Structures are given as structure tokens and as C-alpha cells.
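Below you'll find a set of structures to go through.
Next, two complexes with chain A in common: one pairs it with chain B, the other with chain C.
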Partner chain A sequence: MDGARPDHFAVLTQRKMAVIDAVQEATSRLTSIRGKVGGDRFVRRSLLLPVAVVIALLTTFPFLFSLVLTFTNMRLLASSGLRFVGFENWGRLFADRNFHIVLRNTLVFVVAGVTLQYVLGLGLALLLNEDIRGRRFFRISLFLPMMMSPVAVSYVIGKMLFSESYGPINDLLSMLGLPLFTWTLSPAKSMAVLVMVDTWQWTPFFILVLLAGLQSISPELYEAARVDGATPRQMFLYITFPLLMPLCVTAILIRSLEAFKVLDLVRVVTGGGPGNSTESVTLFAYDIGLKGGDIAYASTVAYALLITVIISSVVFLGVARRITPRTGE
Partner chain B sequence: MKIRISLVVVMSTCLLLLLAACVPAATPQPAAVETEAAVAEEPTEEAAVAEEPTEEAAVAEEPTVEAAVAEEEVSEPLPGTSGEMFDGQTVVVVGVTGDQGEYLKKAAAAWEEQTGATVELNLIPFGELQDKVATAVSAGAFVGDVLNIPAYMGGDLMGNGFIEPVPDEVKARLEWDDVMPLYQQQAEWGGVTYGYPWDGDFHSMYFRKDLIEDPDNQAAFKKKYGYDLRAPKTWDEYHDVAAFFTEDLDELTYGDVELIMRKNQGFHGFISRATCYSKMPDNPAFFFDPETMDAEINNPGFVKALEDLVAILPYAPPDMPNFGFMENAQAFVGGLVGLDIQWADLGPMSLDPKTSVVQGKVGFAPSPGCTQTWDSRTDEWVEFPDVNYAPYAAFGGWQNLVPVNAEAKEAAVDLAAYYASPDSLKQASLTGGSGVNPARTSTVEDVDAWITSGFSEEDAQDYLGMVGEVLGHPNAVFQLRLPGYVQYQDALELAVSKAIAGQATPQEALDEAAAEWNTITDRIGRDQQKALYRQSIGLE
Partner chain C sequence: MSMGSFHQLRHKSNRVIIYAILILWCLIIYFPIYWTVITAFKLPIAIAIDVTYIPWVDFKPSLHAWRDISKQHAVVRSFVNSTIVAVTSSAVAVLLGALAGFGLTRFQYKFGFWRNNDIAFWFVSQRIMPPIVIVLAFLIMFRPLGLIDTRLGLTLAYLGFNLTLAVWILRDFFASIPRELEESALIDGASWFRAFWSITFPLSTPGLVTAFILCFIFTWNEFLFALILTFQKAGTVPLLLASQVTNTGVQWWRLSVLALMSIIPSIICALVLERYIVKGLFTGGIK
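Up next, the complex of A and B:
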């Protein structure tokens, strides 16, 4: 038995070598073929071409097409033909007082909402990272709002809970003898309601991301700090916060990009009112384009929003880069 | 070496096997091409199905020729229809999601049975209905064979040639004179009939007659206001009754509820108040000056209406500016408020024991009128010794249209005609949840049918009397139907919303809206809009 083993291994080794030789030979032949038709680069590009074409068709073309639309008079159901109007739509945009108002509303909604969500999310993530009782229950239940449909959340929380005629919040205030929360005719309070509803739904996003970040921080860092006599506040300021910072920046950026596009919440809860004090840019563009049929101007508004988002993101990332401690520092 | 040779043999075998596996796959290709060609030669799958009798059809054909003839003699064409068979064809009906859209399938059951065709629903949420239909139709894409859509879209669809006119022979079958004049007008564009009547929408007043007829309330009201308590006949009276309901009655929390939410029917709520202040009985124009096409919505009549609306807010639920149709209806049928300006749907809803706590306590009347009206031709207020009523056919109802790119056009025309027949419309009006209000005289005149459906005789008389009075009124204002309607609507709703939030005075808000209306008119084309507006009010 023992004597047969070396032979067996020898045969296997020989066969393995033969396979390697065959593969090498095939590879060299293939390389010579590639050389004839333009080399590795050509093959790689040929293989990537279908994907590149699909991506171009699905993303780049609509992107460019909508840019072209901003220089036309395109309308849905228009009886007159399509024509080039130069910068007419852009001129109209800069002169449009309503656009300035909805842009301001959107910026207020994004800054107030995302800031609140971040602060609450960080606090709750820190809490859930501790060894508290019922931690698993809280972790699951706190994520539920994020899984719900925004329209349902808007209606249930925004319209029913905060309803001044039927809502339980005002009933509770009334029972406690406190003044009622009347917000429908107040621009500031209406915006506050929108921010609150958005915060209720999206704070879990920050909890989810930041909790994952907290759990990835090595406990050894805290051990070492504790040995050096660091207080919990110092540990948060000099270990937790700096190490979470890159994750915070990413989460804030993602959430802000989403918040800039808010539509359903505003449409259901306030309809943009009172006046147009809570109307968002997306709702403004939607109504102009799809309700009003003015596709060209709606595209211009959408592009203006895109430019605003890009500028805001660049500014935010610039500021974040300045305040984020670099690794090794 | 031996191993290398055997490896080559193995690889060659694998390659051969691979090629062998590919061969059967490659062989059918010509066959597939042939099949495609065959399919291309044959008309459509539906047509093929229609040609090949199904098992059921085969069984049905088995009986004798005499029996078939006898059956043909017995089954007459359904009302409004041609009696033609559309075996195997599918008619796609576009409608709004919910009971209203689903009723379109139920209402077509008899037609499906008789013609052999199938009705398939393409239901779209209300908020997206206009966008989806407009986008598809303007792109020439198929969205449905019958479009059940709001009448205000007529300006964009009929005016731009996207809709098939109603054939004369079909119109002759529809007892057209029985359709109320307002809805005949809604079905037409430029003298051509495109629409098949379905729903007759209008705003009217609903009030708590039990509280108004109460002797104690009448005495208290007279003492406070110096005149008799009655169903309000003017907007001034409406204001007083709302104030009385709010301040003096324990049964109600608020006096009034109206539809004024921006982007959610606010346009109609405001126009309901403005008609009597700005619509002279001898002038068909209301929204625009028909000579210049300048907006009239900032004239003193409209401003007075907006001032009235702002003044009544203390007597309405504080969140009324955010009430949609259902919240408004719930406030009234739930017993929260005593006066409501609403669509005719509220009548049947107020009698439904499942939703209403005010059954038998509700009175119906046209929306209030005014004792003075602004005449935009002379720029002065005109006093009326009695009351100037100008009921508003808000929204204009729903109608069925057959688009030019309908795939089953003949069947679609037949189905739309069946929907528009007197019997179908009466049945739809009597059916709760159908969303259909009377659009035919015969529906309003058949009091017994309403009593059978659950109305008391008194309620039926009151309700139908109100419907007849509103729809037959010579000074009624019809829903604005112009290309760009939604832009006009949004600009006015913004102004109303600003005024009620105190962000602008009624005059400032309406001046801003009028300027926006003029800009919209210029953008779309003033001459074109002027011609269409004049057509829509019967001046051309």
C-alpha cells in the first residue's frame, strides 16, 4: 500500500504538469491571435462595449436630452411645433419669484431636516450601542419607519396625527390644558411639521449607518483611553466622533441628496401651502412639467436643482474634508 | 507526451460535444424566422383567437340554426349600442383607481355578455391620471381604448386632435336631447361632439336642516342677527349662519367647511364663491375678457369673494386649508360642521348609515348667490333686487373619450355609447361609490328610482330639485376648459392660499394671479386661447 503511493503521486503530478503546459500553450496561441487583432486593449474594450452602450442609452442620453429640452419650447399636447428658444427658459427661471421661494424652502427643509435627523440618529445609535435592556427590540422597532411608504407616513403622521380638527396631538394638548398646535396657516409651523414627519421617517437611516460604524470601532481603543484616564466625554470627542466622521459625511450626503428631491411628503401634507411657503423644487417642477405640460421649463427647473445639489455637495464635502481628522494625524 | 496526447483527445471530445450540443439549437433558427413571418402575416393574436372558436363557442354553435335565429330575435341591442358582436376583442378602459374606476368594469357586464368582448381596466391614481394620459396621447402611445377622464382635459385633448369624434349614427342612438345642456357643451369642442357623457359634477350647498328648522335656534338667530334663520341664500347669510353654528350651538364644532386646499380642488372651492359676484346673467364671459383675453380674476367681484372666504375662516376647522374631498365630506357627515359647499356626491354620502351620523338631517340647495354683481363690461357693481345665482359646474364631471389611436376602436365606441345611454347613466348615478352624478334629465326626473335606492321621498325631492335647479340654471358657470388649464388653476390656487394664510391681501394675491394668467395666455398664444375661450362660452 505504502509502496503504491509514490507512484500515484507521481502520476498525478505528471498530469497536473501536462494540464499546466496545455493551458500555457493555449494562452500563448490566444495572445498571438490578440496581437493580430489589436491586443488586450481591443478585446477588453470590445467586451465592455455592450455595457457601455446600454449605460449610455439609459443614463447619458436622457441626461443630455433633458438638457437640450431646456433650450426648446417643448410642451405636452402642444399644437405648435417644437422650436429652439435659446436661453429663454433659463431667463424665465432667474426672473421667476416662485422658483426662488421654492428653492429657499427646499434648502431650509434639507438643512433643518437632515441636521435634526443626524443629531437624533447619532444619539440613538450611541444609546443602542450600549448594553441596555431591550436593545434588540428597540433596534428593530426604530428601523420600521424607514421601511414604510412615504405617502402612508405623510398621511398617517402628517395629516392624521397633526390634524387640527381630529388629530390626537391636539386632543392631548387640549386635555392637558395646553394651547392647541395650529399650523395650517403658519408657514414656519407648516415647514416644521414637514421636517418632523421627515425626521420621524428617516432618523432610522442615520441610526442604521452610525450604529454599524460604532460597532466597527475597536474596543481596544477605548480600553487604552480608559487606562490613560480619559473621561467618557473625551473618549467620544477624541475616539468615537473622529472615527465616525467619514461615515457621518457619507450618510449626511446621501440623505441630503434624497431630501433635495422631496415631493410626496409635501404633496400630501401641505400641498406646498400655505401660499407656496412649503413647496419644494421637485413638486414645483412636477406640477409645471407633468400637470401643466410645460416640459421645457420643468427640465430647466430640474437642471437648476441638479446644479444646486452639486454646488451644495461640493461645499459640504469641502467643509467636511477640512474638519475631518486625517488618518495618522 | 502520452498524457499530453490524451489531454488533447479529451479536449477535442469536449469541443465536439459542445459543437454537437450547439447544432440542434442552431437548426430551429430558420423555423423561428418562419414562425415570426407567419405571425406577421396573421393579423393579431386577438384576431386569431376570434377566428378560432373556443370550446364554449363551439358548444354554443351546436344547437340548431332555428334556435340561433330565435335567440337573435329575442336579444335586442343594449341601449345606445349597435348590436354588433366584438367576440374575443379586449377594450381597455382607462379610469381612476378606487371604486369609481372599478365601477366601469361592473357597469360594462351586460355589454361584455352581449358583445363577447372583454373590458380590461387600466386604473391610474387621480394625481397621475392627467399626466399619464396626456404623456401617452401626445406621444402617440396606446394607453387605452376608452378614456374615462375629467372634462377639463377636453381643451388639451379634443382641441389638439387626439380624440375620435362621436359618429353621427351613435349620437342619434344616445337620446342627446336628454343630456343636460351643460354636459352637452362639455362633450363638444369647436362645434364637434367628442365626448360621451358620464358624470355631471357641480358644486352646491349642504346644510343641517334639523338645526336650521329648530325653533329655539331660529329665535336665537333672529335675536342676534335681526332676520330669520333659513338655508343661506346669499354669501352674507352663509357667513352669519356659519358664525351662529360655531358660536351658539353645542351640537356643532364649526359652522362651515369648503374645499380650498392648494393642488387639491382649491380652484373649484374659490370659484364657487366667486361666480355670483362676477357673472352677469347677460354676459357669458366670466374668467376672461372675451375681447382682449385679459384675466378677469382680479376684478372687484373676485376680490370680494376672496375677502368673504378669508372672513369665514374663524368659523371653519383650522386645518380646512389642507382638506381634500374626503376630509371635507367626513367633517360634514361626521357631524363636525353645519354647512358645506361640495359636489353632489355628498347627498348620497350623507344618507349612508355606514358613513354618516346626519342621515335625514341634511338639506340640499344651490350654492348661495349675491345681491350685487360686478359687471366687467361697465366696470361697476350691479344691484339685484332679488338674488343673482350663478351655480358652478365645478370640475365639469367625467366623460368617456375614444382616442384616435384606440386599438379596438369600433368596440370602444360601442362601449362608450353603452356607458352614455340613459339607463346606464341612471344606474350609475344611483349606485353609491360609482362617483357618478346625474348628467341626464331622465335621471333627475325619475324620483321613484331614487326612492328605491334608499332616499326618503322628501330627501329625494329635495336632492333632485336642487340638482335640476343647478344644472338647468341659465346663469350657470361652466368649468374652465382651455389648453394650459392646470397652469391657470395652480396660479389661482396659489393666490387663494396666500390670501388665506395672510401672506398677501386678497387684492394683491389676485393681482399676482391675474398677471400670471396673462403670462400663461401669452406663452400658449393669446389669439389661440381667445378663440378657444370664445368658443367654449358660445360666442363663436
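Up next, the complex of A and C:
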């Protein structure tokens, strides 16, 4: 046994030397490779070129083209007599009472829906973060609504389940002896149905994102707090909530950007009614552009939506930054 | 193991409440799906007479609606259109997005005063825009090109939107793969392309699958573009569903069949994605 030791040692030393040599050689080659690859401008640029061309042609160009349209009198059918009209469409927009109504409807829909989804999502994420059985099942159940077509969801929940005379919700309410939920003639209740359908579909988004955030908070923080005698409420207020806050802000922002665009849900469930009390800005622009044929004014409405979205995001981020508690991590 | 944040919740009674809430939530999620399934097997007369809940007990299931649907040419056409448009635009978006994502994480670019982050911001910021802004422009631009109501036109319209999503996901994903792995392949004498093809590409499969599925689902479900850029020939599934809702009133049996058929791809995607999304997408970006 003793005789084997020096041999073993020698082999080890040899191997170590070989490794060191290899590393040295590698380092020198690496420097030359980095130089070579970094210098191959054609390869580098051709990686970005296709995306840049496609995005420039298919989003940036139409985006600017619509802006130009808002200063013209472009119509869907009569193409003769196209001319620039300055700020005429914008002036008309500010005076348009219907636009004010649909803008208010959209803001109510976004604020009510996203708030409800956020509160429910945070609560359910906290529950799912506990050590529970069947987590995978619950997680798949969460994915489902988000993946479905909003048109199908709107139809199934808004039209079938909430149907006043043939739907199971009113049937169950009457079985329990409760008053029926009649909503089609009430602006507020119609909006509530839209918000409920949206909440069914999108609360899972908050659960998923916030659950991922909760799971990335280190358990040691809670251990330390527990040693210091913190109550569960204090732990939530001083550890969980502040650490989760940036993610909450991002999630709310992403979801609001989506909610501002709503069209399919409104079109299928209420058609904007009763009257135009639940009509969204996108549906309004669609009706003006496609049914009324006034593309120029429809583009102006669409741009006004974009401006609203940007202003709302900036205000929201400003407020969020101010109220975010600072953590002394 | 335990990640519990409140020891209060450790108590048994609280655990019961947790399960009760979660099960209630699952009921809320699954009841509409269950309702769609049973409605798809009801006879028109059964829907008009009474609200019924349990097949074979409350009502006799029937294949009436399925036979009815299978006779419609518009249904087959919509599904073919949706599949072709969604697969093509997502595949091209993921392919191009992967190139850009790889480039943006591996090399330093400089175009004038634009650096990598500015380029990435330009790509991704397009998603803030409400689609109604560009779809009206598409309507005017596509008309002289003969692209209205064609699958090609619709695919192009979706490609721009899908690309921004693909770049967003894949850039994050490539950033999480250490570039040392490629460098070690280069050192061993592999060509630059080979290093990408046999090292980075296999490692990024979860990212590519995630990006493809999210693009596919977005396109499959999208309504506004299809509504404005197609009429009959190139119409997609959501358009078919929506037109049946508004045109035919309460033909629930047929609509339920269509709704079910339209969410089957969504269910498959949810099952596939559940594996990948937990691993990478969200947790990677958050830490």
C-alpha cells in the first residue's frame, strides 16, 4: 500500500500541470476568439437585421402612418379628394361627448378589473405558497383561463352562465330563494359582468407572477424575523410586501396595458350596451372606422387611447415609486 | 422544505381553510368549462325547457350539435386558417427572435448613439401600443397590395406583434445561458456556428418552446386583427365564434362545440407550458 502512494501523488501532480497548461492555452485562445468574433461585424449585424426590418415595416411604419392619418380626411371607401386637414380631427375628438363616455368606461373597466384581479391574485398566491398537496394540479388549473380565447370565455361566462333566463347562475339563485341577477338593462351591472369575466380569465396571471416572486424570497429572512419574535402580520408587512412590491408594480402595469385594449369581451357580452354605457375605446374606434368608414377619425381615437395609456402608466409608476417602502436589505 | 410565511397558518384549522379556498377557486375555474362540455351534448329543446346540470340524470346527452357542426364548411376553413396563420407567424417570429436575442446578449452593438438596450427597448416597446392604432393603418396599406382577407396579410400583421414577444422572452433566456459554454466549444476548435448549434441551441429549447407557445396562443386567440383584416376567406376561429354569437342568438349547443374546439389547443399548450414556465420564464427574470 505504502509503495503506491508516491506514484499516485506523481500522477496527480502531472494531471494538475496538464490542467494548468490547458487553462493557460485556453485563455490565450479565448482572447483571440473574443477579438475575432467581436470584430465580425457582418455576422453580428445580420443577427439583428431581420428583426429590425420586420419591426420597422410591420409596427413602427404603420404606427407613424396612423399618426399621419389623424391629420387627413382619409375615408374607407371614397379615396378621391384626400387632403390634410390639420388638427380638425383632434378638435372634433375633444368636443365629442361619446368619446368622453367610452374613455370613462374603459378607465372604470381597467381600474376595477385590475384592482380586483390583483387583490384576489395576491391572496391566492400567498395561499399557494404554503406547503400544500396537489400543487401541480392547482398550478395547471391556474394556467387554463389565461390560455383560452377571450371570445370563447366571454361567450361561455358572459352569455351562457350569466344568461338571465337560461343560465345556471340565475337558476341556482332561484333555487336558493335569492333575487335573480338581471343585468342586461343596467349599465352598472353590465360593467360588473364584464369585470367578472375579465377577472375570471386574468386573476391567474397575478397568481403566477406573484407566486414566482414569493418563492424567490429567501426563507432565512422569515427565520430571522421569527427569532426576533415578529408576528405573522409584521412579517407580511415588513418582509413579504416590500420585497414583492416591485414585482406587483410590474404585473399591474402589464395587465393594465392589456386591459386598456379590451374589445372582444365587450363586443361579445354587452355589445357596448345598454346604450353605450359599456362601450370601450377600441370598440368605439372600430365602429367609427369600419362601420362609419371614417378611418381618419378612428385613427385619432386610437391615438388618444395610446396617449391615455402612456399618461396612465407614467402617473401609476410615479405614484408607485413614491409609496414603495424602502427595505434595508 | 416548508416555505410557510406565517406560523399561524400552520394550525390544522387554518389548513382546512386554505384547502377550502383553493377548492372553491378551482370550482370557479372548472364550472364554466364543465358547463360548456355538457351544453355541447344537449339537444336544442333540452336547453329551452329547463336548466339542467348532470348528463344521464337531468338530460339525455346527444351528438346533435357535433353532427351539425361537422357539416359546416366555414368551421373547417376557420380552423385551417387559424392553424396556418398561428404556426407560420409564431415559427418565423421565434426563429428571427432567437437570432436577435442571441445577438443582443452576446455582442455589443453601436448604431449612432443606440446601444443594445436602446435597440431592445425599441423592439419590446412596440407592445405598449394598443393594436387598434396599427390595424387601421394596415387596413389602408394592405388594400392596394391585395393583402386584405388573405392568410398572408394576417400572418404578416401578427408577425410584428409576435416578434416583440419572442425577442422579449428569448433575450432574457439567452442572457441566462453562460457564454463561457460557447467559448469552451470555440476553444476546442468548433466553428462559431457549430458552437451555437450544438451548445446554445439545445440549452435554449425551453425558452424557444415557451416563446413559440406564447406566440401561438396569442395568435390563436387574437380577435381584433382578424375582425378588421379578414371577411370570409381568411377568417379565424375567434371570428367564427364571435359571428355565431351575434348572428344566431342563443344557439348554445353549436357555440359550445365551437368554444370547446377552440380551447383544445389552449389546454394542450397549458400542459406543455406548465413544465417550462416554472423552470425559467418568471423565476429567471425576477431574481
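Here is the rule we go by: the second predicted complex is superposed on the first by the 268 of 329 C-alpha atoms of A that agree within 3 Å, B and C clash if a C-alpha of one lies under 4 Å from a C-alpha of the other, contacts with A are read in each partner's own complex, and residues count from 1 in each chain.
Criterion: a residue touches a chain if its C-beta (ideal position, glycine included) is under 8 Å from a C-beta of that chain, and two chains touch if they have at least 3 such contacts.
From a predicted model like this one, the values you see are computed outputs, not experimental measurements.
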{"item": "Chain B versus chain C as contact partner of A:54, first or second or both or neither", "value": "second"}
{"item": "Touching partner for A:291 - first (chain B), second (chain C), both, neither", "value": "first"}
{"item": "Residues of chain A touched, compared between chain B and chain C (which is higher)", "value": "C"}
{"item": "Partner chain(s) touched by A:303 [first = chain B, second = chain C, both, neither]", "value": "second"}
{"item": "Which of chain B and chain C A:267 touches, first, second, both or neither", "value": "both"}
{"item": "Touched partner set for A:159, first chain B, second chain C, both or neither", "value": "both"}
{"item": "Which of chain B and chain C A:277 touches, first, second, both or neither", "value": "first"}
{"item": "Chain B and chain C contact sites that coincide on chain A, given as residue numbers", "value": "76, 159, 163, 267, 271, 290"}
{"item": "Interfacial residue positions of chain C with respect to chain A in the complex", "value": "1-9, 15, 18-19, 21-22, 25-26, 28-33, 35-36, 39, 47-48, 51, 53, 96-97, 99-100, 102-104, 107-109, 119, 122-123, 126-134, 136-141, 156-157, 159-161, 163-164, 167, 183-184, 186-187, 192, 217, 220-221, 223-224, 227-228, 237-238, 241-242, 245-246, 250, 252, 255-256, 258-259, 262-263, 266-267, 269-271, 273-274, 277-278, 282-283, 286-287"}
{"item": "Touch list for chain B against partner chain A, complex", "value": "3-4, 7-8, 11, 127, 130-131, 134-135, 137-138, 156-157, 159-160, 162, 253-254, 261-264, 266, 313, 317-322, 327, 331, 336, 483-484, 486-487, 490, 494, 497-498, 500-504, 525, 528"}
{"item": "Residues of chain A defined as touching chain C within the complex", "value": "26, 29-30, 33-34, 37-38, 40, 43-45, 47-48, 50-52, 54-55, 57-60, 62-63, 65-66, 69, 74, 76, 124, 126-132, 136, 138-153, 155-157, 159-161, 163, 166-168, 171, 200, 208-209, 212-216, 219, 222, 226, 232, 235-236, 240, 247, 257, 260-261, 263-264, 267-268, 271, 281-282, 285-286, 289-290, 295, 298-299, 302-303, 305-306, 309-310, 313"}
{"item": "Chain B-facing residues of chain A, complex", "value": "14-15, 18-19, 21-22, 76-80, 98, 159, 163-165, 180, 182, 184-187, 267, 269-277, 287-288, 290-294"}
